[in-house]
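Given below, in the form of structure tokens, are the structures.
Each of the two complexes below includes chain A, the first together with chain B, the second together with chain C.
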Partner chain A sequence: MNFVNKEKISGYQLFSLLLISRLVSASLLNPTFNLIKTPALSWVNEIIAGILAIALVGVIVYLGQKFPDKTIIGYAQILLGSVTGKILGVFLVLSFFLVAATDMRILGETLITTILPEIPILVFIITTLILVAWLSRSGLEANGRVAGFLMPMMIILLLLIGALACICSISDFSYLSPFFLPEGPRELILPTCSSLSSYAHFLVLGMIIPFVNVPSKSMPISIGSILMVAFLLTLQSLIVTAFFGPLMNTLTFPTFVLAQNITLGDFFERFEVMIAVLWNVSAGIKAALFLWAAAVGLAEILNLKRYDPLIYVLGALLVPISMLSYDGLMDVINVLTGSMIVFTISFVLFILLTLLIAFETRKYIEGRDSNGAQG
Partner chain B sequence: MGLRANVILVCLLLPCLLCCGCRTAGFDIEELGFVQISAFDRTDDGLIQVSVQIAKPFAITSSAGPPIDEKPYWTVSSTGQTCYQAIRNLSTQSPRIIFWGHNRLTLLGENMAKSGVSEVLDLLQRNHEVRSSMDVMSVRNASIDEVMATMFELERQPVKGFFGLLWSIQRRNSTSFPQSVLELSRKIETEGMEPVIPSVEVVNRSDEETAAPGQLREEVVMDSVRINGMAAFKEDKLVGWLADRESRGVLWVLGKAQRGILVIRDPRDDNNLISIRIGASSSKIVPEIVDDRPVIRVVVEAEGDPLEIDGDASFLHHPEIWASMERRMAAVIRNEIQMALTAGQQQFQSDIFGFGRAFYSKYPHEWQLIKDNWDNIFPTLEVQLDIIANLKEPGLTVEGVRQAQ
Partner chain C sequence: MRRYLRTGQRQLLQSPSSDVPMKDEIRLNLTENENQIRTAFGYSTDLVIRKVKFGAYIDTKLLIVHIDGLVNNNGISESVIKPITLLSDWPPLTDPAPAQIFAQLKNRLITNSELTEVGRIEDLLSEVCFGNTAILVEGHNVALIADLKGWKERNIEASTTEPALHGPKESFVETMRTNTSMIRRHIRDPRLRIEERTIGAIGRTSIAIVYISGIARDSIVQEVRNRIDRISIDSIQSSGMLEEFIEDSPFSLFPTIARTERVDRTLSTLLEGRIVIMTEGTPFSLIVPCNIFMFISSPDDYYENSLIGSLLRFLRIFLFLISLMLPGMYVAATAFHPEMIPTPLALAIAAQREGLPFPALFEALLLAISFEALQEASIRAPLVFSATVSILGILVLGQITVQAGLVSPFMVIVIAITGIASMALPSFSMSISIRVLRFALLILGGILGLYGVIWGMAALLIHTATLRSFGVPYSEPIMPLGISGLGDSQVRISQWLKRKRPTLVSGINKTRQAAGQKPSPPTPEEKKASAKEEES
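And then the complex of A and B:
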């Protein structure tokens, strides 16, 4: 794979890409909220999911660091053999492609539901995808720079909206008590899995690690990004619960409605506009990242020397796929709160466990052989 | 990417610049009618009636401009089988597309409130244009048409008048408290808590003198409105009206009574009255389980300043009189809370104080056992009151004007 050494991103850019990729789904739709039965404890599942995500990312980075110049598709072919590795690679490419398509569809559905209902969704998807494909074709380095520029603004904006919501007279923090689950801890399983399934998108890290300028820093940076995401999502859960109380699990776009209802002194209003700008840019960065990962993966499977010619082709394919994959917003929510959770977690566990077992078995055999040779 | 591709991409994106502007739902701002106040009621034949006040920008003048003898708003009504159908039927009368993004107040008619307001709340929360932080009030002893036809002496736009009243009643009297659509919906959905919202009624002034000698320009305001206590709900249905003092009783318990005047009798002479301005106050609802039955203890701490003293006002060297006034202030607060408790527990049987919610917070396991029976427990629930009243500032004088004997 000769394109790995052509572009490099810094640790800060890796942190920014991972953080935006996870936060964008929470700032648009937050399907996890729709699965919560006891809003007062909605923050608990975000903490549990964050802890589990650290284990997940730990395995991805561990394997990535063992093959510092190979993507996950590249070392899958070494560990599992060329044919099996390529089959697994095809599934990975399809998953990256599907994530980008879903991201675009959610962005389109969000914009037509909340801001511009008269404009056809296709207009948003096509115009955004033109920019996404352009950014993606410019390479990971360009996307990393954009993400690095946007990430602080995203965090500041989310914290600002959170702070404003806290001082808004509507907020009632008594909704954060009691610490009690009427149906017991099993209530937390589904929302935690839902949040974890969004962290599963960090599988793309397996494609990014060889492009990080200091691969050894990938582990602390990835864990740091998860901790930051978990902190922000926990904060979001607390604030949305204090603001909406028992209504929080009925909302389709919690962050948007929260920003829409913030009013300070009847003067500072319409914060939802800032949220809408955030949606567009951050969803574009995430889609560009996954489109890039799909193109790089496909180039590796097909043994191509360059991946960039594939970008526009895949980008064009994203339009029909994102349109045909879901019937509408209700379908998106139904899928994200149902089959997608099971599919995503099983898929990621299957991929990672397969690669981890293959790697450890190979290491054991190699160790035994070298010991045998010495003996 | 080559230069040619870049040029093509820029050419594709350039038309986007032509599409930007103030376009909402596909219409220019000049084509929109901005709703300021909306009202919903149910007609006698079961239809939903919607009435809106739409701003007339051309009739709104700045203070520097010449006065215009035209109302700066237009009131229009229509009916339909559902709220949304009634709203869409407004378009048969309005030449502009009705835009709800600036709706600041929703009035709920008495029939609608009694039959249930969930339909209206669903509409207001589902619609992307509407902000559910807007205020909501219940109309008492009048139709929504009558309320929408009222005017204010000091405000040309009724929406400003309503907000002035809400602000004033909250900051000056504490006999009502603004509630938003979101807060109303949230309380309806909250177990162990029922909503209260401000109630508004028409003040008929048609018989009053309107012409005054020497006036250069006469404006006749026939009917106006006033805020009269609060409307008590059970789930989404109106169950009764709270008078001013009952409303303040509820607000003492909820910790929302921040301003207002309490009148007590002078400890030295019952014929003399003393006005006390309510200062800061706080409340704490403490649920307890005594002998396997729920008991509520409400602790209210209130500060006040004597503002007006009828009779001998020399308290400076008489701390026992000061303490006695504090006890009397506490007794007045206790009376107001008792009045509210009687209304809530016996008259309406609606937990407008959130006692059930307090139980759930402290005893979540026990609440699971009693929540289904809470409607039967609440009317006979024992409520203990601890009122702590403190008088603070005597004002600019420590002694008043001497009265003639």
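And then the complex of A and C:
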């Protein structure tokens, strides 16, 4: 695979890519998306999911660092054999592709729901896809640069909205109590799983690690990005709950609606436009990242020397897939908060455990053989 | 076949005149040499060939060849003709052979500091074309070349294209040697390298690659050399032509090579590790690699307090965005998202737009195109028509169109603000790119509303993220993030804080200055020490 050495991203860019790919949907749909029955404690599941995600990412980075010049598809072929590795690689490529398609669909649906209801969704998907394919074809380096530029803005905007919601006296912090769950801790299982299923997208890290200029830093950077995401989502949950209280679960885009209600000095308003702008571009970055991962993975499976010609082919396929996979925004949300939670978590656990067991078994056998040879 | 043709074309370009046997050696016979030179120049009237005798007692003749207008006539008479005619007889030559005479000329008589020898007619002609003076000796097949160039050149004046309130009032002129001397005068270090190249088989334009060894990155210097060396053309008339041959992305609207006629700006970029390319006949130096922030910085930023400088840069970034997005955003807001505009303002705009025959997009395009036409006319029109252009612009665009009910006053304000914002950008090449892109965003905003504008901006973001200038990312130090370069990009930090040169641009010598140079009043200990010194 000769394209690994052609482009490199910095630790900061890796951090930005991971943060954006996790925050992009969450910044709009959370905490409603997490399906918690007691809004006052919607932030708890974010913390638990963050801790669990560290373990998940730990395994991905651990394996990645053992094969610093191979992607997850590359070392799967070493650990499981060429055929089995390639079959697993196909599933990974399909999952990356599906994430990109879902992301595009959410983007289109959000735009027609919030900004331009009169324009057909296909226009949004096709036009955005042109940019996504362009960015994706420009390589991970270009995507990392754009992500690095937007990431601070995204954090600042989320913090700004939180601060303004508090300053403008539109929040009622009494909504954050009581601190108990009527149905006990099991009430947190589904919301935590829902949040964790979004962290499962970090599987893409397995494709990125060989492109990081200092692979050894991948672990602290990945954990750092999870902690930052967990902090921001916890803060977002607290602010949104303090504003909407029991009404929170009735809203599809709670942060967007919250921003609509912020007015500063009766003149600075329409903060939701800034959210829409940043969210729009960030969604493009995420889709481009997953499209790139799918193309790189496919090129590896097919033993191609270049991956970029595949981008336009896969990009073109994204249009029908994203259009045909879901019936509408509610269908997307229903799938993502229903069957997809179980599927995503079990898929990621299956992939990672298979690779981890294969790696440890191989290590054990190699260690035994070398000891035997020495004896 | 293709390879053969390319070689053939190259050979054709390298030969100035196909009817003269250029590759020939200089002959022993002076008349034959004279004829060959006259034929090569096609008996041009500015070619001056003077025959003189070597002193009063030796019959050997000399030929002095130069082009009128390219040489310093005083220098020729003082350094060449006078010594030959007046000083050649003493001490008398023991052996008046041509080789002895040539040696006498070279070692004793010709007083010019720069003397070289050529043995071929082609080289002689080339040197003469460059403004040098050739001296041939009867019976000797080598010519002496004396550098006695001298021609009329413009005085060094203040820059007209990059005016600055403070700072030095000197800018480059059309003569490259004068320009390199201005740089050399300010950077008095042998590490300042000036490498010259001659481009163009016919024009033979001199190009200088200027950099500071150790401070400029070697790989970038080599890349500049490679790009210049691979140019095969008959003539390069200006730095603009050269730019087209060496830029990274010929189809990008953004300039990837910075131009300046200011000496101070050139010096500061050299000290950052950038490379300067100068072209004979052009008063602009090209700076590579460059980034997008170089186009929003002005020399005045460095002559003011760093806080003022930073605020001015923020203002320019804001104006850059206004100039790019305002018409598109306005059209998107009025046509698609009136809810985005505060209600009283939205009502005022709606009231003014009532009864207008055109949609907002067409209205904006009409005014924007008229504004561009006015701007172009005011630059191109002869000075005597400038008043007419201004009056027409003010009356027709500003007043009559509103009175006639073709456009709304709000749209006039929007286009006027946009125009002023684009003029506030210090770089014309960036400003003109923005003017083009503004139309694209306007159309996108008119068709797809806010989404269209966001789409356009995202496309620009991706484009700038992928763009490179001589291999260095165009959007550094923001994309990718480079801490050392951040101090002189959107902000301008104090000089004593600028410890490091931009990482991606500079070579091995990355440190500019020592740490701890922040100015401060004397500490009590220092005060005591100085008081003690005064007492003692």
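For the reader, a short list of remarks on this structure follows.
Quick note on the criterion: the second predicted complex is superposed on the first by the 369 of 375 C-alpha atoms of A that agree within 3 Å, B and C clash if a C-alpha of one lies under 4 Å from a C-alpha of the other, contacts with A are read in each partner's own complex, and residues count from 1 in each chain.
As a working rule, a residue touches a chain if its C-beta (ideal position, glycine included) is under 8 Å from a C-beta of that chain, and two chains touch if they have at least 3 such contacts.
Nothing here was measured: the structure is a model prediction, and the numbers come from that model.
In the superposition on chain A, A:261 makes contact with chain B only, while chain C stays out of contact range. By the touch criterion defined above, A:127 lies against chain B and chain C together after alignment on the C-alpha atoms of chain A. Contact with neither chain B nor chain C is seen for A:7 once the two complexes are overlaid on the shared chain.
Residue contacts after overlaying the shared chain place A:174 against chain B, while chain C stays out of touching range. Of the two partner chains placed by the overlay, chain B and chain C both lie in contact with A:115. In the superposition on chain A, A:244 contacts chain B only, with no contact to chain C.
In the superposition on chain A, chain A positions 115-116, 119, 127, 131, 134, 138 are in contact with chain B in one complex as well as with chain C in the other. Chain B makes touch with chain A in their complex at residues 1, 9, 12-13, 16, 25-26, 128, 131-133, 180, 182-183, 185-186, 189-191, 357, 360-362, 364-365, 368. Taken together, the chain C residues at the contact with chain A in this complex read 336-337, 340, 342, 448-451, 454-455, 458-459, 461-462, 465-466, 473, 475, 478-481.
Chain A makes touch with chain C in their complex at residues 10, 12-13, 111, 115-116, 119, 123-124, 127-128, 131, 134-135, 138, 142, 144-146, 148-149, 267, 269-270, 273, 276-277, 280-281, 284.
Within the complex formed with chain B, the chain A residues making contact are 113-119, 127, 130-131, 134, 137-138, 170, 172, 174-175, 177-178, 180, 182, 244-247, 257, 260-263.
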